[in-house]
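In the two complexes that follow, chain A is the common piece, with chain B as its partner first and chain C second.
For the complex of A and B:
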């Protein structure tokens, strides 16, 4: 009897602590949302208030009517889509043979991909700047796609390898018995069963490119500025335009957050894959 | 060459080509450039200077200070991310019911773009309108809202800018730790309980040793990421005030873009690369695979 009651009190304490923790964790982002729907003048009032006194879409109207942000969103989207397509096209076949056909070259290859993940982007950014300059690709969409691909391919390789680990070798052998060539077995039998893993990998590469800042800062100027660059400029070019900045930040991050929440299970799975199984 | 080998090579070739062009060749170029006097605007004109760029970098006070700051930032951020994240994971796994919606909220910052996290925290901390100080006044912790100048006090700014990092990645630590904790066999903990081990002893002698590989991965991944940080700090302070929040990656960027010194930026970039590799390898052998050490 006494034991049961103590457990209950413990349980309530744990619950209360978890509740406080989780709510305070969400608070900063909620404040960003609240600020974005304040009238621009109220954003910089002293002292600040958490909730808006009046709800206004003024900040959103301002950033969407300027030509800079919609254009930047278009650039970001184009670059992210092309990066995802290119990275998956090269990483999926490579990850397949790297896990299913183990030999020295494939092991070295995966090790190389892992090491690549440790390279600081600023170290790679310096020579990439030169390379793109020599190719005449500075401040172009293909140039930025190549730069993002350098980071996305290793990521896609490691994720896809983790997914291919679970595919039994017999699947390909059975297809080959039925008269398929190795390529046909890969294209017609293996790929269709891997759509889930490919989708998660695509999502990760897309978000990596969508969120990327340093390469965009180094390698683009007027023509192909991406969304994070334009948002960062709200605080320098236009003075301290906090209202516009919060609205742009919400527009930029909210789609990603919705996708993350909707596909929570797969995303957390992808993130923890290597850590827990490795 | 057998048909099988040819197949492997065909499947591998595109990825090899991409990584060769976009990673191996640039890294080679980086190391090559580090031995020349070369300008960002005219990279085709180079003059051999041997180890001069390395000597300049290693004897520069500003470089040394930025390296020290990178360590301060990484250790501070990693400590709090790990402490908060691991405790949150323990709390979630101790919840009597399912912790699903708690964890749902915790996934919120997982994919938030770093520059949004940086701008958000700058907005929370900035002088005059930063709401954090008003909250602290309200709680009676500080006397007035100007008491702590988070982002303009040179002595504390390097720690203040890490709040955004801590907020952004505590969720990663929490969710990965939680996944690790749920993988621990229940019978092991139960057996320890029957043997008379209290909650603390069960944690210390059963949970912690079994979590070692998971903890190792978290620490390696997060330490490497924290040391590489650029965007999160750039967006909050651009390295200021008076370089007080300039970390190593930012120092390299400044020397390449502001001062146009590609050679010296390449030397620092090479050093940075080597240090990260050595650190990751050491961490890998020491923590992840203690049996081999």
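For the complex of A and C:
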């Protein structure tokens, strides 16, 4: 009896702490949301109010009617999707080989992937600029996809390696005994088992590309400008379009929320994925 | 169905560890062969080489007469049951069992009927639509068996398939696997480090130690005629008691005890004849020592009792023999005996000896084993 009650109090404390944490994360976003639905005139009101006096979609109308933002969204989405596909196509098989056929060289390979994550992207941006210029890929979708893939592959590789570590070697061996070649074992058994891990990695890769600012700033201009660049430009030398900026930011956050919700089941499965229980 | 032949097979791992030394023996068509030995002796390595999951450093491996050293696992027509079962977690029981048939490209109708048949044999019919995660250990074990037998392969390989089950289920599955194998009559190689499993299941048993084959024979012969001290100690539970002794003519001196070795032993082991003060290692199984008060014998020794473990059906009596004890190199034996100097005798439960007594022990001297002290091989 006493144990149960103490457990309950502990539980309540944990819940309260979690609530505070969630609110502190959510608050800036909620404020952004509130601001975006205020009439343009109320946005800069001093002192600022948290709740809008009147709900208005004026800001949204403004950003959607301008041609810059929809076009930037299309760029962002194309780049993020292509980056995700390309990164997974490279990182998933590479991580599998590096973890299941462990040699000194594969360990070194993963270590290098980690090291590239530690180099600041500013330092990589300049050579990337020169490289893409030489290839004639500046301000093109393929150019930015390549740049984003170079940044996303190491992350995807490390994530997928962690997931593959949990896959017992016997699974592939069993498939090979059951009549598969190594590649068939990978495709028919290992990949389907790994959907959770792949979903998590896909999400992180997508977000990496979607949120990326620096390469997009350096490597694109009018033709393929991505959404974060356009949103930043609302704060320009001509003044701060605060209302439009918040509306654009809200729209910009929607795909990430949508993708996360769509993959929710796989992500929870992937994150709690310890050893594969057979 | 196929015979499996191993001819001077060696395995050197990538880190230059020499795991198997000149392994040579034949597994006959339809035979149930057990590999047994202490942990790390190379049983799994040998099995995985037969499976094709591990490369063969040197030597020849033939399955059904065909040299398969460089043949892919999928083309060897053998099925394997893993210790961890390695069921496909995203597939139902039905799909797990059907998978090898799909890979073999069988028509759907035949796959369905064969899966149903196997499910009936293994009592899995009601579980066919479940995922492996929702099964008990014993049920998973059965599914793994089902996936192996559904293909009707040339041979089954099993690596400690029962070691994840509790003791009771293990005994039950032991009998089931053995009877299933007899029914299907498919060549089977079964790896275990449990000598009871080895003795009860195998047509023949290969005893290994440190990557070297010690002896291949039927369970009865391994028990009755072990080739060396290691096999003698490894087979049988509790282990055979091994002591240094001196044989002079027909008289054996074991510590402070002397007794006559019966004529039959010398017929059995002619090279023991005419011994004069010959140093030997003598082996006495626990079941060949009894309470002399209950079953008198012509060969009796007296020894202080250090411990009595009454098990109901029998009593394990630990005796201080007072002769130099011989380490057979079996890591499990020490654990069996506890105090490594003590000999263990298996007394009738009627025995009234207690710790601290000096027991009169009747030795079944016809069942004594003799080994060379240096080479540690049997004296025949």
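Keep in mind that, in the parts below, the second predicted complex is superposed on the first by the 227 of 278 C-alpha atoms of A that agree within 3 Å, B and C clash if a C-alpha of one lies under 4 Å from a C-alpha of the other, contacts with A are read in each partner's own complex, and residues count from 1 in each chain.
By our rule, a contact is a pair of C-beta atoms (placed from the backbone, for glycine too) under 8 Å apart; a residue touches a chain by one contact, two chains touch by 3 or more.
Quick caveat, the model's predicted, so the values are computed rather than measured.
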{"item": "First (chain B), second (chain C), both or neither touched by A:85", "value": "neither"}
{"item": "Partner chain in contact with A:198 - chain B first, chain C second, else both or neither", "value": "neither"}
{"item": "Which superposed partner A:18 touches (first chain B, second chain C, both, neither)", "value": "first"}
{"item": "Per-residue contact with chain A, leading partner among chain C and chain B", "value": "B"}
{"item": "Chain B versus chain C as contact partner of A:189, first or second or both or neither", "value": "second"}
{"item": "First (chain B), second (chain C), both or neither touched by A:170", "value": "second"}
{"item": "Which of chain B and chain C A:179 touches, first, second, both or neither", "value": "second"}
{"item": "Partner chain in contact with A:77 - chain B first, chain C second, else both or neither", "value": "neither"}
{"item": "On chain A, the residue positions that both chain B and chain C contact, one per complex", "value": "276, 278"}
{"item": "Chain B-facing residues of chain A, complex", "value": "11, 14-15, 17-19, 21-23, 25-26, 28-29, 31-32, 35, 43-48, 50, 86, 89-91, 93-94, 96-98, 101, 103, 105-106, 109, 112-113, 115-131, 133-134, 146-147, 149-150, 153-154, 157, 182-183, 186, 207, 210-211, 213-214, 217-218, 228, 231-232, 235, 242, 245-246, 249, 252-253, 256-257, 259-261, 264, 267-268, 271-272, 274-276, 278"}
{"item": "Chain B - residues contacting chain A, complex", "value": "3-4, 7-8, 11-12, 14-19, 22-23, 25-27, 29-30, 33, 40, 43, 88, 91-92, 94-97, 99, 102-116, 119-124, 128-131, 134, 145, 167, 170-172, 175-176, 179-180, 183, 213-214, 217-218, 221, 224, 227-228, 230-231, 234-235, 249, 252-253, 256-257, 262, 265-266, 269-270, 272-273, 276-277, 280"}
{"item": "Chain C contact footprint on chain A (complex, rising order)", "value": "168, 170-171, 173-181, 184, 189, 192-193, 195, 276-278"}
{"item": "Partner chain A, residues of chain C touching it in the complex", "value": "51-53, 72-74, 78-80, 82-90, 99-100, 103-104, 132-133, 140, 147, 151"}
